[in-house]
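Report on the structure given below.
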């Protein structure tokens, strides 16, 4: 159900080099509000790099990314980048929870420091979010005491806590044992249903088929294909995409 | 020529009192210097990891300067060279040796702490930075709430060693006239000609301090421990 | 208030003499400390309790005590123990060997521990004795691994020699205070001493870094 009118993120001809090596090659994409966009492709094709360019964690040399009207290139090295980042949530492959803080503290840190929320208010909100992702009883535990699936759900709660306009997921289930993948995907599907704009880098094509609105297929730093989910799976254009879909569909059945 | 041991020297007045006095002076000297060292060391260690070249350079110069000159020479500098330059009023101050000893020991130890902090901060996984920044934290907030607490905990073992070392280095203060534990033991020796006994007593004093520091840092490590990472389950 | 650098050249004999003593103390401390350090390192890895416990006790004891105290202690203890008057330099040398060997010992122990068990077992299986395995396998491999740390400790020892000041040994720092007592130009004199140490130790660090890079 792509909402054609509202473009939230406009990635305009972005290219990035690490020294001599080109990581992103003239990427142009539009992410629409309430859409779930899945980015997939072989390892090293630049998917994670692209995500980090969107919220300014990495710098890019050419092109620009406009998020809700704000140019990332412009605000990159200014204080305004902090505000931009608070509007974009991010969930990481290796969870990246702060190990010295409890699950609840992980979630409440940014709202308290960036929004100046009171400790009480933040805790209430944090507990609500923990309930939403299904693990309120883990609130006072430290990440080292949690399973991978639990940690990732805390990571998702931490991202939601800032009420972002979109959340980017960087291979959120790649580091999880199979039993836990389903729990996390369920939380994500839930969020999608609630209308959250999501950008998901993943290999979980089953999830893509069920939940995504559009698929972006990348290879060697380029966008090779970009179309609606149904079209992609039924009738991919490029050879590479066809290969990829065939291989993946065998797995899903 | 036989040497007559006289172990009673240590427990007799006024010598016993002198020893005790020295012991507590060592404790205070070490602790205050350590406080200075931690404070300065975290700052310098942190600026050595910042992406600003001049900041890193300043940090490096500080560390190399204080690391490559013997502490003894540094103390002489602080006591003999600097005070007259500040002014005669300063040079004549009553507690000058005490103050300069604390200061000198503090800034010296800070250079060592800074290196450990730098190592710790650099060992914090990059993903932590990304995670913190991605929620909109400013660089300052990121450092204050995530990087420094995490990095510091990584470095507790070497920092414990530095804490031990600061008490050992405090012995040098006797060369600029501070009557801490080693100074007192030496003084008792010159009064009684039983230096061996008084020095042995001082050595025991340092052992007690050393064991206490290790015990204390063990407690600190326990309180700060991160389960799943450092010494936790 | 101008800088009078000639005070250094005027007193160069005294200063040089002190520096020479520093070098002597340094070299002998190293020459004695390293071999003893190797023995201590081996001792800490020994499975024989009658070796392990005394060695560990000794190392832990010394590491908790300031070098200054060890220097004093040895200086006052040696005459008592031996019944003769021992000079300042020999006292200092003994104190340094006794002290620094423990630090070397721990570094070397780490180096030895990094030698894979398999390599040692292979050597034993060819019929070599303990001493031979230590000499031809453990030491060459283990020591090489920790050369950077050993070098850092060596630089520390060079600075530590200044502590012999407290028993009146006329090493570099003591020599400079003697000169200062006469000339009262503390900034120039102590500044000179600081610069000399700074240059030598920085050079040592650079060599150590070079060795570390080449070692990889």
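By letter and in written order, the chains are A, B and C; residue numbering begins at 1 in each of them.
Quick note on the criterion: a residue touches a chain if its C-beta (ideal position, glycine included) is under 8 Å from a C-beta of that chain, and two chains touch if they have at least 3 such contacts.
Source: prediction; values computed, not measured.
Engineer: I'd like the most central chain, judged by C-alpha centroids against the all-protein C-alpha centroid.
Structural biologist: Looking at where each chain's C-alpha mean falls, the closest to the middle is B.
Engineer: Centre-to-centre on C-alpha atoms, which chain is most distant from subunit B?
Structural biologist: It is A whose centre lies farthest from that of subunit B.
Engineer: Taking each chain's centre as the mean of its CA atoms, how far is subunit A from subunit B in angstrom?
Structural biologist: Their C-alpha centroids are separated by 46 Å.
Engineer: Between subunit B and subunit C, tell me the centre distance in angstrom, where each centre is the average of that chain's C-alpha atoms.
Structural biologist: 21
Engineer: Provide the C-alpha centroid distance between subunit A and subunit C, rounded to the nearest whole angstrom.
Structural biologist: Roughly 56 Å, centre to centre.
Engineer: State the interface residues of subunit C toward subunit B in the complex, per the touch definition above.
Structural biologist: So the residues of subunit C touching subunit B come out as 61, 64-69, 72-73, 76-77, 79-80, 83, 155, 159-160, 162-163, 165-166, 173, 177, 180, 186-187, 190-191, 193-194, 197-198, 201-202, 205.
Engineer: Which subunit B residues qualify as touching subunit C in the complex?
Structural biologist: My answer: residues 1, 3, 64-65, 67-74, 76-77, 80-81, 84-85, 164, 167-172, 174-175, 182, 185-186, 189, 195-196, 199-200, 202-203, 206-207, 210-211.
Engineer: Going by the contact rule at the top, pick out the subunit B residues touching subunit A in the complex.
Structural biologist: 125, 127-128, 130-138, 141, 145-146, 149-150, 153, 224, 226-229, 232-233
Engineer: Please output the residues of subunit A touching subunit B within their complex, sorted ascending.
Structural biologist: 52, 55, 57, 79, 82-83, 85-90, 92, 94, 96-100, 109-110, 113-114, 142-145, 155, 158-159, 161-162
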